[in-house]
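In what comes next, chain A is part of two complexes: it sits with chain B in the first one and with chain C in the second one.
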Partner chain A sequence: MIWRVLLTLAAHWRRHAGQFATLFVGLALAVGLWTSVQAINAEARASYDAASAALGGAGAQRYEAVDGMPIPVAVYAALRRAGWAASPVVEGELEAGGAVYTLTGIDPLTAPGSAMGAGGDGEGALALAFITAPGVLLAAPETVEALQGEPRLPPVEASAQVEPGAVLTDIATAQRLLGLEGEVSAILIDPSRQGLRPLDAVAPQLAQAGGEGDVARLTNSFHLNLTAFGFLSFAVGLFIVYAAIGLAFEQRRASLRTLRALGAPLWSLIAAFVLEAVVLALAAGLAGVLLGYGVASALLPDVAATLRGLYGADVGGGLTVRPGWIVSGLAIAVIGALAATAQSVRRAAAMGLLASARPRAWARASTRRLGLQAVGGLAFIFAGLAAPELGDGIVAGFMLLGGLLLGAALLLPPALALVLAGLQRAVSGAAADWFLADTRQQLPSLSLALMALMLALAANLGVGTMVGSFRATFTGWLDQRLAAEVYVTARDEAQARELRAFLETEADAMLPIWETRRELLGAPGEIYGVADHATYRDNWPLLTAQNGAWDAVAAGEGVMVNEQLWRREDLRLGQAFPVPGGPELSIVAVYSDYGNPRGQILIGIDRLTELYPDVSRLRYAVRTEDPDTLMEAVRARFDLPRGGLVDQQSVKRFSLSVFERTFAVTGALNVLTLGVAAFAMFASLTTLASMRLPQLAPVWALGMTRKTLARLELARAAALAALTFLAALPAGLALAWALLAVVNVEAFGWRLPLHLFPLDWLRLFALALAAAVLAALLPARRLSSRPPRAFLAVFAQER
Partner chain B sequence: MMIRLFAALALIAAGAPAMAQGFAGLGTEAEGFAAPERGYQFEFPRDHLAHPQYRIEWWYLTANLTGEDGREYGVQWTLFRSALAPQAGAGFSAPQLWMGHAGLTTPDAHFHAERLARGGVGQAGTQADPFSAYIDEWEMRSTAADGDALDALSLFARGEQFSYRLDLAAEGPLVFHGEDGYSVKSAAGQASYYYSQPFYAVDGVLDLPGGEVAVTGTAWLDREWSSQPLSENQDGWDWVSLNFETGEKLMGFQLRQSEGSVYTYASWIEPGGSLTAFEDGALTMTPLESAAVAGREVPVRWRVELPARDLDVEVDAVFDQSWMATRFAYWEGPVRITGSHGGRGYLEMTGYE
Partner chain C sequence: MLAKLHQVTKSFGEGETAVRVLDGVDLEVAEGARLAISGESGSGKSTLLHLLGLLDVPDAGRVEIDGEDLTEAGDARRAHVRRSKVGLVFQQFNLVPSLTVAANLALQARLADRYDADWTQRLAERLGLSPLMDRYPEQLSGGQQQRVAIGRALSAKPALLLADEPTGNLDEETSESVSDLLIELAGETGAALVVVTHSRRLADRMETRLTLSRGVLS
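Moving on to the complex of A and B:
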């Protein structure tokens, strides 16, 4: 019995192939976006795990010099001679063809995780060319091309193991390219080995750097961000599925009644609906998973670049198929389809045997239902607003986002109904009156698609505003922070002395940039010393400060803290701050420090050298009227290490390129979400169009041409999209505010001012209109070309 | 000793497909490297140290030991040097690679460990005054107050499951194989510089999973360097160093060639240190019994004959599974000697697939 019922129901899809396609594509798109985000997250997490396993197979941890400077090779040799399983790493930036790449040099003979270093079966290869001059650079295929033209670089080979923008090579090659001969950047050590001379006795200048636990913690918020986006996309997609299944049910009312009349038991109908939903969900889900794989592969390089730029976390550029996200994609497809079917099942169960088989697609929205929806929407918004009050952390931040978005979506149909009713009262003329009344009639059927559009628009506006605000703040901040024209790093103390002597006469000022890495309030942090100079007083971006803050710092009595540390530790101005190994200094100011995951403090330069006499004194910011001439002179006179002489513009360019990559993913997901919403609109309109003939036929009979009718259809879609955009605007701005003031603070530790970008709104408005008109175009064209016979038939047919 | 040559090459040619070219490349004449010549005047301690202008070199020590528990033990300590170019260099770019192998054999277990390092950064190498050859914390260090640097040594190595610390005192002079240390390795004339200190008395401590064991016994140090690789028709190698109860010693090897023939050599060493070299054909080595080791059949009992010295003995592995599962795997372990002469020694075999 159930088989026959199923066949009867399935026959519907044969007659409505377009509707089937809508359902299928909608579900596939929803699952696809969700899956892509899951896949990206899974890949990133696997990379962290692999990194910790590669190191952790031997349990190796990363150690850096306490003062943040390069480590003499002798320290590495001493560790090995003491029996520690240590492996050196050299890192730096490689400039080629105007772009900057991160260069990592390893020693394949001792690298943990490399079979060369592990001993045993010798499965791994030590390519002779890799360790022999001139060496080999390994890079992702897309990076290889950019590097190949550089004559001073060794041969480049493509490797899928290396992420775009990164270059891997032998440690000797890296040292040569970076001018770091005799030094390494970090040493990987397995600290668990027993019975050896203690690490702090062998290499007292080293300290364990933020381990992978740190990376996981830092990147968590980023992944939550992505997950939220994935979920949003899925919600939008679900609207499509819900709408399509609902309409399909309405259209199959007649068949259902007939089946029931023929004796099919109710349970068989319900079973058939469920079975249909599951089969559809699995098929569409599979397509979605494939789509998700494609999207994730395309986005992963950017995500990898983001994670590296922002957190220093290494994620490979290649995507691996993992059962985790495939199952999650299929599961969410089935759950979504079943949720969408639940309504149909409920209606089928409630349907009387002799009920009218007339589709109820245009059941006039009851005032009561709209009222309920409005109340629900408001409840969501309030719940969202309450979330940060009730709980802390990024989850509360996302609850706020979710509440705002869902609430706004639910409020949309009642708001639209109100506006249309108001307009109807205001206009005169039969045609306008009919147009508005007809639009109101359609509202219930279109409301799901409009809600999806609104969600997408609001997300777009919100994220766009957030990124724009961030960019505006960031560039302004860079201008302030990078006030000096030239930055130099000496090779050693002797060269630094010569450099100081030279620049004393040649430059306007030479400001030390000396720093040391210490624990600040129990977490890894940085301590910088600042000279008493107008450059800082005039430019340094302070968020809040006491009077005479710079004087206090210069006198060695005050300390400035960065925003991250200030927010994380809930510090206050005037509070005493324990400087490691020194006295407690009063907090006199807070400064913004975007892009730095660590806590940081500024103290007077004299205080710094007094507390940490062995601090490395090699870096300086140089003020000059004529940076080009000065750099020429320095270059001619000094043999500085690679990257030892940088002008302000290059630093800014690099910082901004990191920034742009960071938000490339957000932008891409944004566009995709909007695409899904446009598709939802298209699906709803197409389905509606075929059912609207009986409504249009009388108007046609009264003398309105088919062309006018079609034009009105287009106008309606545009009008609805415009109204939806107007509703999305405040929702989007609220979203942007929530992102800037709540989520970013939790995720990154800094709060940004909200900037408004009306031009972007206009662009998005045009995009929304275009999407709506495009979605309405096909149904409208069909309407205008429909033969009059079809319109006439409406009157002839007994319905 | 051929295994040592193989192993030194394997350090560079790590056995992966990409390596084939590198291996073949090294199979050709050594470009720019110094070559051993007849009539070379050894000079110490200079020649105890590394010779970076030669392609391959090793410090190879094997010891037959008896524990306070009455059990037999064997210890191997090896430092290989392999040059990519004929100069010392400094820093990570120095074209010198180093590899350490350590083995410890008991009557029922065999432990091994391997270390790799680059020359030029102080992680591995040799130094004079006092003489030291080292890789990581492994070290062979001279403790001689006067006389030759190799007269007294301390030796240390460590693996995941074991470590050993031995003190060695030479009770005889250095001996020079072949023609005063110029050792011909094949009919085609490939040769190396090769000398040994076979007269060590040893005491020390082994650290095993079951606890520490104090040991005493004898040890044999080989020093060899060359630039010339093997012939292509050489499949494998069987090598013994034997200490007889009479105080006499034998170092012998046979090179198994693919057409089934062998090339042999033997050094007969008198208790006083005088050495007689026996060229190809004087020594015969006949496998008597094999054991399944690491998925292959390896002879673990041999008949060794040197008729010119009335030698006809059976050489029997203390532990059949003395398998060095290192990057280039081979069999190396202590043996017992019975027959015309009694005693103990070391056996090394490679090329059994």
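Moving on to the complex of A and C:
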């Protein structure tokens, strides 16, 4: 029975293949975008977990030097002698074949937990080769090929347990390759051991690092950002499915009644609808998962670069097929399709056996329904606005975004209805009157597609404004923060002394960049010493400051805090700030510090050396009129470590490239979402076209040509897109404000000023119009070429 | 008795605007009977047919098919009886637009699990539909569509064939041929035929002619 009913209902798709393709592609697109985001997030999280598993077994914590510099091997030896279970780790970047890999060196004999497990079987010849000269590099199969053939590298073996882009080797091999003989990057220690000489006493220069968990925490906001985009894309896609399934129900209304009259029980119709939705969802979902894999593979390198640039988190560039995101993609396809079908099922159940089978415009809106929708829209907006007041964190920020977007989308149809009704009252010509009345009548059927278009436009405007504002602020900020022309880092204290002596005569000024890492108000932080120099007074990007702030810092009485710390701890100017190991200093200024996940303070350089006499004094910012000549001279005279001599322009270029790659993913998702929305418009217009004839035939009979009718269809699509854009503009700007003032503050700890980009709006407006006209083109062309017989059939009731 | 309405009452609307279209109607349809029901527009003829075809439920009274009281039966039971014992022909044809003539013709038999390929083929031949089997309803004339509807109603060899204004949408010549087919095929299958019609010519060809007026059958 169900089978027969299903076949009868499904026969509709054979006669409406285009409509079926629309439904299929819409669902596949929605699932594809969602799956791609899930795949990217899963890959990144797996990378963190793999790194965590390789470097920290149960109980082991990561310790780094408080000054951020390499740790002498002697410190490790002291820890072992004191009885601590410790294992050294060396990390660095390995260049090979034009690419950069993350090289990690471990000591397999002392590494806790599964460190050696990353070496595959970890036994026999391989294990021996790992620790004996010339050593062996373990890399993911896709990385091996790129590393092989490099004469300076030891043999490379494939290991499925090493993330793509990462290379694992013995610590001695890593030290040799990275030029870090006698030094390690970090030491893994189990701090829970009892009865030993305290860690503070054995290795006072070490502090527990945030660890990989910290990386995961820091990157959470980025992943949430991606997930939110995934949801938005899915919601837009769902609008397509919802509209297509709803319209298909209307078209099959007569068949439903006939089937019931012929003896098909109601349950069989409902079961057939549900079965149809599930089968369709699984098929389209599978296509969507494949599409998502492609999109994720294309985007992952950018995401990996973003995570490395922003947070120092290493993510491989290759995508692994994981059951998690495949199941998630299929599940959301089924849930989405069932949600879209629920309304049809409900109406099928409520439809009387003798109800009129005459097809009617789907979801004909009554004034009451539009009123309810408007109330719902306002409720969403108010709930969104209330979210940051009621809860903290980035989830509240995203609830604000969701409330604003959904509320604005729900308000769109009532707002359009009001505008069209107003216009109709204002016009006097019969043709214009009919055009507006007809547009109003079509509005309910098109409202879902228009809402999808509005969501995409608002997201585009909001994210575009946010990125533009970020870019404008960030480039200005870089100019301020990187005021010095050259940055040098000495190899050791002796070289630093020689450098200072040399640059005193050759450069205009040599400003120390000395820092130490300490806990600031209970969280890992950085303390910088700042010289009393015009470079800082003239350029440093202060957000707010007391009078005489620089004098207070120079005198060792004031402290400046970065924006992240200021917002996180809700600090105030003039408040006393406890500098670790020193007195409380008054907060005299707050400065912007984009891209830094940690809290940071600036104190006078004399105060820094007084409080932390062991602070590393190797880095300097150099002011000069002729950076090229100076760098040449330094290079000729000093054997500086790799990356020890950098000019300002290189740093800016690098920072901006990190920035651009960060938002490349967002930009790509933005464009894809807009594409999905344009497809939604196309889908609705083509489906509706088949139901429009009874409304158009009388006007045609009254003397309006088919060409005129077709042109009016195009004009209608363009007019509705234009009105939708006008509604999306304030929604998009509200979204940008929410992103800049709420979500960024929650995610990164800084707030950015809102910049407006009217030229971008114009471009998007043109794009929306073009998308709408393109979407209407095919139905309009079909209309203009329909034979008069088709129009006449409406009157003859032969259809 | 094949079908029976006993003291059936049916009203539409509520309160002061309520209209009682059937007021204690009794009707018995014997096996193989030929019955025409006439009456003014809005007199309740179609309502009576809908009750007999289990498409609607009475406000009061009883509806029986083959001796089974189906007045209070659930949707599934009513649907079962409808697809296995009742054939319906509508004025508006109500074919499934997405199915071919062949599929429409066989639809009810397949739903009732009583599909007989030979019988369906014979029906198609008798109805002159053989050359049209791969066409879709929108490609047929009104008379052709109604012949498909008659074939569909008879495909499961129902005991009771109900036709609601079967010639109401057709011209005189086509009406005549459709009426012929309806009566002949009902006779050949032994189905009782109840026709609601305005057409005197069609009504005159029935054994029994009843008129519905002011809710009362006479």
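As a convention for this text, the second predicted complex is superposed on the first by the 650 of 799 C-alpha atoms of A that agree within 3 Å, B and C clash if a C-alpha of one lies under 4 Å from a C-alpha of the other, contacts with A are read in each partner's own complex, and residues count from 1 in each chain.
By our rule, a contact is a pair of C-beta atoms (placed from the backbone, for glycine too) under 8 Å apart; a residue touches a chain by one contact, two chains touch by 3 or more.
Note that the structure is predicted; figures quoted are calculated from it, not measured.
Chemist: Figure out whether A:P580 sits in contact with chain B (first) or chain C (second), or with both, or with neither.
Modeler: Touch partners of A:P580: none, neither chain B nor chain C.
Chemist: Under the stated touch criterion, which partner chain does A:H12 make contact with: chain B (first), chain C (second), both, or neither?
Modeler: second
Chemist: A:P694 in the overlay: touching chain B, chain C, both, or neither? Say first, second, both or neither.
Modeler: neither
Chemist: Does chain B (first) or chain C (second) touch A:G667, or do both, or does neither?
Modeler: neither
Chemist: Would you sort A:G675 into first (chain B), second (chain C), both or neither based on which partner it touches?
Modeler: Touch status of A:G675: no partner.
Chemist: Should A:R260 be classified as contacting the first partner (chain B), the second (chain C), both, or neither?
Modeler: It touches chain C, and chain B stays clear.
Chemist: For A:R80, decide between first (touching chain B), second (touching chain C), both and neither.
Modeler: It touches chain B, and chain C stays clear.
Chemist: Where on chain A do the contacts from chain B and from chain C line up?
Modeler: none
Chemist: Per the contact definition, I'd like the list of chain C residues that touch chain A in the complex.
Modeler: Against chain A, chain C makes touches at 50, 53, 55-56, 75-76, 79-84, 86, 88, 90, 92, 94-99, 103, 107-108, 110-113, 136, 138, 141-142, 152, 169.
Chemist: Spell out the part of chain A that touches chain C in their complex, as residue ranges.
Modeler: Chain A residues touching chain C: 1, 4-5, 8, 11-12, 14-16, 252, 254-255, 257-267, 353-354, 357, 797-799.
Chemist: What residues of chain A sit close enough to touch chain B in their complex?
Modeler: Contacts found on chain A: 73-74, 76-78, 80-83, 88, 107, 109-110, 116-117, 119-128, 131-133, 170-172, 175-176, 181-182, 196.
Chemist: Could you please specify the touching residues of chain B with respect to chain A in the complex?
Modeler: 10, 12-19, 22, 25, 84-85, 91-93, 95, 97, 113-118, 121-123, 134, 136-137, 158, 325-328
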